[in-house]
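Naming follows writing order (A, B and C), and every chain is counted from residue 1.
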Amino acid sequence: MGKKPIDRFTEASAGAGWRVFWWAVYLLVFVAVPIALHAYIKHTGSVAQSLKFILPWIIFCLVLIGRMIVLFATRNMPRMARKEATEGYLCILPWLIGFCSFTLGPMIFSIYIAMCDWDIINAPRFVGLANFQQALFHDFRFIQALKVTIVYAMFALPLGLIGSLMVALLLNQKVRGMSWFRTIFYIPAILPGVATAMVWKWIFNPENGILNIFLSSKIWPWLHIGKGLSVEHIALVNTPPPWLADPKWALPAFILMSLWGIGGGMIIYLAGLQGIPTQLYEAAEIDGANPIQKFRKITLPMVSPTIFFNLVMGVIGSFQVFTSSFVMTAGGPAYATLFYLLYLYQKAFQYFQMGYAAAMAWILFVVILICTLLVFKSSSAWVYYEGELKGKR
Amino acid sequence: MATIAKQEKIGKWSTSRLKANALTYFLLITGSALVLVPFVWMVSSSLKDPGEIFKQVRTFRDVFPAKPLWGNYPEALKFMNFTGCLRNTCIITFFAMAGQIMSASLVAFGFARMRFPGRDVLFIVLLATIMLPPQVTLIPIFKIFTTLGWYDTFFPLTVPAFFGGGVFAVFLLRQYYMTIPIEMDEAAKIDGAGTFGIFTKVILPQVKPALGTVAIFSFMGHWNDFLGPLIYLSDPAKRTLALALYAFQGEHATDWHLLMAAATVVMLPLLTIFFCAQKYFIQGVVISGVKG
Amino acid sequence: MKTRLHAIILICAAVVSFALCGCSKPKTKPGMIELKMTLWDKQEDLEFYARALKEFYKEHPNIRVTIEATPWVRMFDKLLVSTAGGRSPDVSRISSTWFTPCAAKNLVECLDPYIENDPEFDISDFYKPAVQGWGTYNGKIYAIPGDVDIYAMYYNKTMFDKYGVPYPDETWDWEKYLWAAKKLSKDFDGDGKLEQWGCVPDQWQDYVWQNGGDILSKDNTRCILDQPAAYDAIQWMADLRTKDHVAPSATDAADIGTQKMFTNGQVGMFVSGSWAAAIVFKKEITTFEYDVAPLPKGKQRASFIGGAAFGILRGSKHKKEAWELVKFMTSPSMQRHFAEEKQIIPSRKSVAESGAYLLMKDPPKNKQVFIDTINFGHTLPKVECSREMNEIIASEITLAILGKKSAKDACAVAARRANDILMYNAE
């Protein structure tokens, strides 16, 4: 195979020429420039001004260090494999940079911040575990935020999981126009949070919202539903609740609102349901199983990985509720809808207590980790995998 | 499934099949109606005049406006500086999408096709970042961006997309890449293509559906993003649609007819795109859900 | 090949990094000093400032000022974050609501040296309550008050005439107030629900102060809302809604808000600030005549006072010139402009009492009331955590005002929570 001229040239000069080049670069970046920078800082007296030289220098250093790491990691590999490895690293370089600057670095920084008292313009002041102590023991809003979020998760998650499974089962039939119905059910999940929040705020309006109009409308006596209901139910219909204006009803309103969006989970269930081989059902038919048995013995186990996935995502998601509470109630009334992320946002960007907010973020991380681990641990009991074990890769 | 098997055995017009279908249709129609009620309410409120909004709704007829006030829409759009915000949202979404697609496709290629030491470890690290709640890194990232002087600019909302493109996208694409037979790569190598050539000539054309999905979800994510613009933008002229809708509420908190008109308008682009690209949506969700 | 690749990467990195750092440094014209001032007025008002600044340019031809308008709610955030990011404005208007956090966080420069070294600037011309309230922190001056917002009672003259109730004046106390409110509250169609109310008693802090109580102790370390002076006052105010039924409840006001109820003529007495007349009432009150009277006194006279001030931000690179701008924005001529065009009460005694404000033709006629009340003004607590603390307290007090809890219980909870916050911030 003929080599391209440029390759031959590069190979030939790959020896002494390049080696000198790289030695010069290393010397320059790691020795000469810091000395020059140091002198410059001394001269101008301010670090901020020399920032515009420090940053490029840091980038150069990082590139060179990266190069050294790559050369080291691939030291024992033949040339072709080495080339492939280098190119591999190059391919994932964007992610590596992103990971270090937007994930790893911030994580470490954030641990430090969580132990400081820091408003963004003054220097951080180390206070040890004071933020955590304040949060867990002296801050009623923190406890409230935890309570609100957990109560919400406790209701919205099961309702959502079961609801979307039921809807998916419904939508799994072969009837005409099914794709239209699927579309309709899925739409709420794709809409911008602010828009849905505003619409629901209007729906929940105590006087003029469609929900209370419906609840207090003449339809109930007409349907003779009131007859068998208890006193509380009739009271609900006679004086529909003030929803977002009442601390007792605000959170139920949010839970109700979350049901509107079950289309998101439903699609995943649909995919899972469609992956169930029909032979299983036919075999069950032959054995004389009725629909309920078919559901319990075939559908449920086969769809349990999807339930598992939705559960894990749901746990993480229920702690991320922000937009709706921010737009609809701003955490009120009387902190009844102070979701965790909303409180964190307030502490960080309204009151500028960054250290406290960082501490809250780490507590959140621990809580989510524990919940997810619990789900994973329990999964061996109820999740059925066909074929080889999948689980977390 | 079960229903089909039954149908084939029993026959097309038997009563049990009609009964089953009828029940299904009933449930479907009721369910759809329930889901659609908020939309209907939103649009009908947006066409009412202010007095009508606060009138007590006594009959079914009252839910709908007596005479649709289409003028509410231009009014609402003017108040929220719709064209400006639309432009801002488009800019941010476009750049973020472009960054995400370019970056994720490249990174996924690295993980799927290239061999290098530590590849699998790094991939596990990549996946582990899903578990990390974004709040943990929110504040330091904010500090980084403010120190760079990027507060009140679009950069914090677009630049991160170029660096890694989001874990889900990378994961999705990698799975997809791995379904492409390696023989095609080797054929291209024989023809003299370098690694980058393989990437552009072999892989990319094959993964258009997955790229489409990534594009759609990226679009959705950035178009609907509220927290990001809320934190990083403060100049009213730089607002995105989501922020504008929120700010609208601040000034016209009780002008529900205008608010609903604004909300409808903000929802429209998404609904349109959704209807056009439904396939990609559903496909993407399926792939990420089932394979995950 | 590998090395060529690496060299290329190095060059790319160099380009990127220079581009990165280049974009954070704005360019300035040589010779001219550009000052940036942030205000929270609307875009339309910026013309007013452009006109006014022409005088400034005559005296200082080497300075140019660009004005940035930011919504009031985001102003503090923006100042803080832009200072952290190195792009801070030079001068800003500072609201009394968040002046103390500003000063405590060192966001604004201490102005004492500037005042001392400037013989033409006379700080004693400014109302003492204003300078104390939102200009001073820890005994040092950090901002110069630009205007004063003081709260008094607007009343519907037409309604008072109709029912033969004498106009409110400075002799009125809480009993008289309740009596008048009862006379004005009417149920026209006999359905048991009132259509017209006597008063809208907002600002629970006013009542606490009038009753001799306060929110924080004198040394700002403890919340004393759990004292009888405080919770009795709040209970009295809550009773106006729930027991005496002379004020609209939250549901009555739910959709249109109490301010609209007043401008619609449904409420007889409405407590609001001096700013309301020009900004709201001028446009919205068309069906009746209105005037303003002092708030009724409890055990003593008291009213809420606040306002705006101008300060130099610590991130400013031209502090001397910024001081000139601050002086200009609080100069007698500028304050006269504000008074004449926007009915804003000047913070300089010389201007306020000279008649520029008082002689304005627009209602309310009795503007002197505002000026007289300045000496009875109380500001909200001046601690660094005031924004957060006020919110915590307000959320409990709201429950008391809505009648969901007794004022005593609400105040006990509020005080406890406020003390937690104060303790955390003290360390």
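As a working rule, a contact is a pair of C-beta atoms (placed from the backbone, for glycine too) under 8 Å apart; a residue touches a chain by one contact, two chains touch by 3 or more.
The shown structure was predicted, so the numbers you read here are calculated from the model rather than taken from an experiment.
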Just list the two chains that share the greatest number of C-beta contact pairs. A-B
Compared with subunit A, which chain's mean CA position is the farthest off? C
Could you grab the centroid distance between subunit B and subunit C? Build each centroid from C-alpha atoms only and quote it in angstrom. 41
Gap in Å, rounded to a whole number, between the CA centres of subunit B and subunit A: 14
Where in subunit B do residues touch two or more other chains at once? 54, 143, 146
By the touch definition above, subunit A meets two or more other chains at residues 86, 90, 120, 207-208, 349
Show the residues in subunit C shared as contacts by 2 or more other chains, in ascending order. 20, 24, 77, 81, 84, 86, 255
What does subunit A use to touch subunit B in their complex? 73-74, 81, 84-92, 94-99, 101-103, 105-107, 109-110, 113, 120, 167, 170-175, 181-188, 190-196, 198-200, 202-203, 205, 207-208, 210, 213, 260, 263-264, 267-268, 270-272, 275-276, 278, 281-282, 285, 291, 294, 306, 309-310, 316, 319-320, 322-323, 326-327, 341, 344-345, 348-349, 354, 357-358, 360-362, 364-365, 368-369, 372, 392-393
Note which residues of subunit C are touching subunit A in the complex, please. 1-7, 9-10, 13-14, 16-18, 20-22, 24-25, 77, 80-81, 83-84, 86, 105-107, 250-251, 254-255, 385, 387-388, 392, 395-396, 398-399, 417, 420, 423-424, 427
Subunit C residues touching subunit B - in the complex, by the definition given at the top: 20, 23-24, 68, 70-71, 73-74, 77-78, 81-82, 84-87, 255-257
Interfacial residue positions of subunit B with respect to subunit C in the complex: 54, 143, 146-152, 234-236, 247, 250, 254
Write out the stretch or stretches of subunit B touching subunit A in their complex. 1-6, 21, 24-25, 27-28, 31-32, 35-38, 41-42, 45, 53-54, 56-57, 63, 103, 106-107, 109-111, 114-119, 122-127, 129, 131-144, 146, 160, 162-165, 170, 195, 220, 223-224, 226-227, 230-231, 241-243, 245-246, 249, 256, 259-260, 262-263, 266-267, 270-271, 274-275, 278, 281-282, 285-286, 289-290, 292
